[in-house]
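Chains: A, B, C, D, E and F, in written order; residue numbering restarts at 1 for each.
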Amino acid sequence: MALTVEQLACIRGERQLFSDLNFRLAPGEALLLHGPNGSGKSSLLRLLAGFLPPAHGRVLWDGAPALEDAEAHRARLQYLGHQDAVKSQLGTGDNLLFWARLYGLDPVGTEQAVTAALDAAGLQRQRHLQGGYLSAGQKRRLALARLLLKPATLWLLDEPTNALDTSAVAWLGELLAAHRAKGGMIILASHVDVPLKDARRLDLPEGKLA
Amino acid sequence: MALTVEQLACIRGERQLFSDLNFRLAPGEALLLHGPNGSGKSSLLRLLAGFLPPAHGRVLWDGAPALEDAEAHRARLQYLGHQDAVKSQLGTGDNLLFWARLYGLDPVGTEQAVTAALDAAGLQRQRHLQGGYLSAGQKRRLALARLLLKPATLWLLDEPTNALDTSAVAWLGELLAAHRAKGGMIILASHVDVPLKDARRLDLPEGKLA
Amino acid sequence: MSAFLAIVARDLRLGFGAQGAMLTTLLFFVLAVSLFPLGVGPEPQILARIAAGVIWVAALLAAMLSLDRLFQTDQEDGTLDLLAQAPLPLGLVALAKTLAHWLTTGLPLSLIAPLLAILLQMEGDAIPVLLGALLLGTPSLSLIGAIGAALTLGAKRGAVLVPLLTLPLVIPVLIFGVGAVEAAAYGLSAGPHLLLLGAFLAGALALSPLAIAAAVRLALE
Amino acid sequence: MSAFLAIVARDLRLGFGAQGAMLTTLLFFVLAVSLFPLGVGPEPQILARIAAGVIWVAALLAAMLSLDRLFQTDQEDGTLDLLAQAPLPLGLVALAKTLAHWLTTGLPLSLIAPLLAILLQMEGDAIPVLLGALLLGTPSLSLIGAIGAALTLGAKRGAVLVPLLTLPLVIPVLIFGVGAVEAAAYGLSAGPHLLLLGAFLAGALALSPLAIAAAVRLALE
Amino acid sequence: MYWASLGDFLAMGGHAAFIWPAFAIALIALFGLGLLSRWGLTAAEREHALARREAGRDDSSTGADA
Amino acid sequence: MLHALANPARFLRLMAAIRPWAAGVAVLGLGIGLAWGLLYSPPDYQQGETVRIMYIHVPAAWMGMFIYAAMAVASATALIWRHPVAELVAKASAPAGAAFTLICLITGSLWGKPMWGAWWVWDARLTSMLILFFLYLGYIALWEAFDDPARAGRAAAILALVGAINLPIIKFSVDWWNTMHQPASVLTLEGPKIHPDILWPLLITALGAKGYYVWLLTVRVRAEILKRQARILRFAAATDRRAG
């Protein structure tokens, strides 16, 4: 099990963000994306998640093209973007419940999984509060709690620590470590320090000419 | 010119977030708000901005109740919340242009002010790009650039560094210093280090039961 | 005043993108009206009889289509916070946004309505009255709709009540509007109906900024 | 399947709950239909003559009301990204959301239509046919409308654009729908019309998930 | 030639008010659209040349000037 | 080659080669056909001179329908082979199609006033033409509603295809709708009545209209390609300045 990226290039709106990107990620490994604003970190994550077609190059999973079989690719990854995907009209617990159901947890397991995830994220007290009333950090915690609801090998995280307080950052660190210990892979974009040991680092420069 | 807060308390949805809050801010001073997620930093800022009525206590400006004369209060402050208020269908430059017009800059000054603000924020190249296509950090820069369009004494900033890269954080540091040097006041909530020298610090504990 | 105009100009560009604005609404309106002959059949006498109703229903729909998002998008991206902090009373902000809405819906559709009336074989004498009634009535639709839009923002559980509150308020506009045209078509005086439409508009103009401002402020808490 | 139901259930809660979308649709429908007796006058023959057409056109227009937000709110808060990553083909996700839309618009509107038909003096025999035709036809409206909603994701002036794009495409539904009711009113068999409505629905059911999925994927790029 | 005189021709058997506008509108529409398109092309050519000068690529290797 | 549009030299050369011929066909076809129709063809025994409107009306109707089909084919090409030029061909076709459809509608209603006594009746043929006009306008509006041409192009292509599948159904249903009610008019120039003196100018005008369409395509597609290239160059220039 390994993710290999070969000569990847990305174009947004006729502008080339990066090109000739190569890296390989084995189980338990983590990759930290760095680069100035607008350098293409989020775009790279969206590309790896299969939202954006690569302008050039290949993404391989165990040597086979990863993006072609969209269903299999979806099954092995979890994506967390800049947005929290919290529905403001639904309660905090109901927000998670929906994702648990969507990810196909069985009805009995669902309740337990949601309770466990809320506990882990420190949102027990907010369980019945509408998503719209949560504070910014509480919303981000809720988004992170979703990671616990679906087993996936590859986590793609876009600035997960935004709006988190220190204790939540520590919790995220534990999450990441546990995921890697189970053989998971992580690609994470961030401008600030993230509790992620021995991560490799990929610097994206400002976009260049097509 | 000074902002004084006396015995302030805030209740959200029947839950008391903080109470008996007291502080005083003189020109050139800055206050850093700390506290875990959901402790009420954003609520305090919104309260000071006049969005939320205080549950108890008073906010004074030069000794007079500040929130009663809403118009005067609006005129002396700039508020930057968690959200960037960037319109995705408008171009980056047009986004700023709108705010400049709204703040009553004269037609000649408007263009210049917008160009200067875009330059400062490092968004010259994105001037004609739609707001929706900006990266997260670019949106945040755009929101910060708005601070340059309206002279105001009191800046209320809610986690301004979220999504900013290191160079943008440095720029923000300069902005803050310049504002204080001109006698401005700053109240800023953040979970990470902000380049703000000699700021006083206010810790908000977890909310208690009302 | 320049702040007021800035909001109007921005909303015109946003909702509808300056030039495309009028055109899209017009097209939509023409399309909605042309559905009726397809449903009711092509007989001219019948079309002429229902013409006034058809045009007013299409106008109501056009007004409602983009209305519920009048304040919502601004709230979701944080713009409403800053608009409330603008050097302009919130009532005027609301009025500016409502004006932009009317300029992109009510106004263009009123102007094209006479053409549609001809397609629907409406009585010639009734057509100027139709134009006048629409010009007087559609601003009320925008204003009352804006109250509803603002109420949806703040209302927590009660949002279901919003259509119940606002739609009944537009019924008078529709009744007087249709009434004016019918009166003219039968050779009676449309004056009283138009006067009532005008009075309704005056009332809406005076009261709805207050109601909208109150509702928006509630939503920002 | 459980993932499919989870989406339907969630959208129903979002639709019924805060937005009051269902009530708006119903009220608009009733308001639109009840406006015609005002214009046309109380003559029963004329009312009966236009009843089927008016009800169908009003249904068509009412279905457009909340349509532009079918995918948009989910896109704006990032939910659509995650729905596209769900262990469920995007076409089915789209189908689930469309089903929820129909359950909150087409279904209640069909159920209330017989009442309106009685008010409009429709032939008694035609009323069950009207109900059946609406139940068969309104899902097609939701399906084709969802294509329009997906295509305009991220577009300017989406609210007006969606009906503009979809109304021309759903004209067959209107024509077969009215045809069924009129046939029944004249004592003819409504069977062929209903069959055509069913065939159109089958086609829409088969093809529109593909088109919607393609359009949504485009919007996520 | 079917027509006896120019007057006959212009009168179109009494239907001039319909026939001539029909021809006029059609030709104006086609001609106008053609003209607009030509102007659009000229504008695009100018913009393209400008952009290319700005990009410092005055060579004609993009082959767009065929 | 990252941008398929960066070097569509062959395509542009082909278009440039076609353009003068297309222009010639357009001018000659429209000129001869319309002059023939106005000057030499006989009036109809029933419709009198108004029948001359047919020489614009009918070719315009044909072109309105033909161009939509061409647009659908181009859109399918764009979606399946991801060929950006096909997208631009579809985009460039839409105004031409809308214009011909509008001409058909206007000339038809100018014909209808003397013939039927009404500018407009809700006849099946008229109605389906009106719907076609709306389809064109919707397509154009969708293109205009996006600032990112890549997004707009593919969204519009999907719309054109959905419309193309639905168009025959719409036409069928509208035809059939109109027979339910009293048909509003009976067109008299059907089939055998078409005299060679009428048929020839009609066909020549139609050929001219086709030539006009091809000429318009060569102009508009070229403009679109240049505009896109200019955009690409602009981004490149901005990036260069920054890097250098």
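In the analysis below, a contact is a pair of C-beta atoms (placed from the backbone, for glycine too) under 8 Å apart; a residue touches a chain by one contact, two chains touch by 3 or more.
Owing to the predicted nature of the structure, the values given are computational and were not obtained by experimental measurement.
Asker: Using the touch definition from the top, how many steps at minimum link chain A to chain C?
Answerer: 2
Asker: Could the interface between the copies chain C and chain D be described as same, meaning over half of its residue numbers are common to both, or is it different?
Answerer: Shared-number fraction above one half, so same.
Asker: How far is the middle of chain A from the middle of chain E, if each middle is the mean of its Cα atoms, in Å?
Answerer: Chain centroid spacing, chain A to chain E, equals 54 Å.
Asker: Counting in whole Å, what is the centre-to-centre distance of chain B and chain D, each centre being its mean C-alpha position?
Answerer: Roughly 45 Å, centre to centre.
Asker: Counting in whole Å, what is the centre-to-centre distance of chain C and chain D, each centre being its mean C-alpha position?
Answerer: 23
Asker: Which residues belonging to chain E are in contact with no fewer than two other chains?
Answerer: Where chain E is concerned, no single residue meets two or more other chains.
Asker: Could you check chain A for residues that touch two or more other chains and list them?
Answerer: 13, 82
Asker: Any chance you could list the residues of chain C touching two or more other chains?
Answerer: 14, 17, 20, 24, 27, 31, 38, 41
Asker: For chain C, which residues count as touching chain F in their complex?
Answerer: The contact residues of chain C facing chain F are 17, 20, 23-24, 27, 31, 34, 37-38, 41-44, 47, 118-119, 121.
Asker: Using the touch definition from the top, list the residues of chain C that touch chain B in their complex.
Answerer: So the residues of chain C touching chain B come out as 2-3, 5-7, 9-10, 13-14, 17, 77-79, 81-89, 220-221.
Asker: Can you list the residues on chain D that touch chain C in the complex?
Answerer: Checking each residue of chain D against chain C gives 16-20, 23-24, 27-28, 31-32, 35-36, 38-41, 46, 49-50, 52-54, 56-58, 60-61, 64-66, 68-69, 76-77, 156-157, 159-161, 163-164, 167-168, 171, 174-175, 178.
Asker: Note which residues of chain A are touching chain D in the complex, please.
Answerer: Its residues touching chain D are 46, 49-53, 71, 74-75, 77-79, 81-90, 94, 98-99, 101-104, 107, 146.
Asker: Which of the residues in chain F end up touching chain A in this complex?
Answerer: 2-3, 6, 148, 150, 228, 231-232, 235-236, 239-240, 242-243
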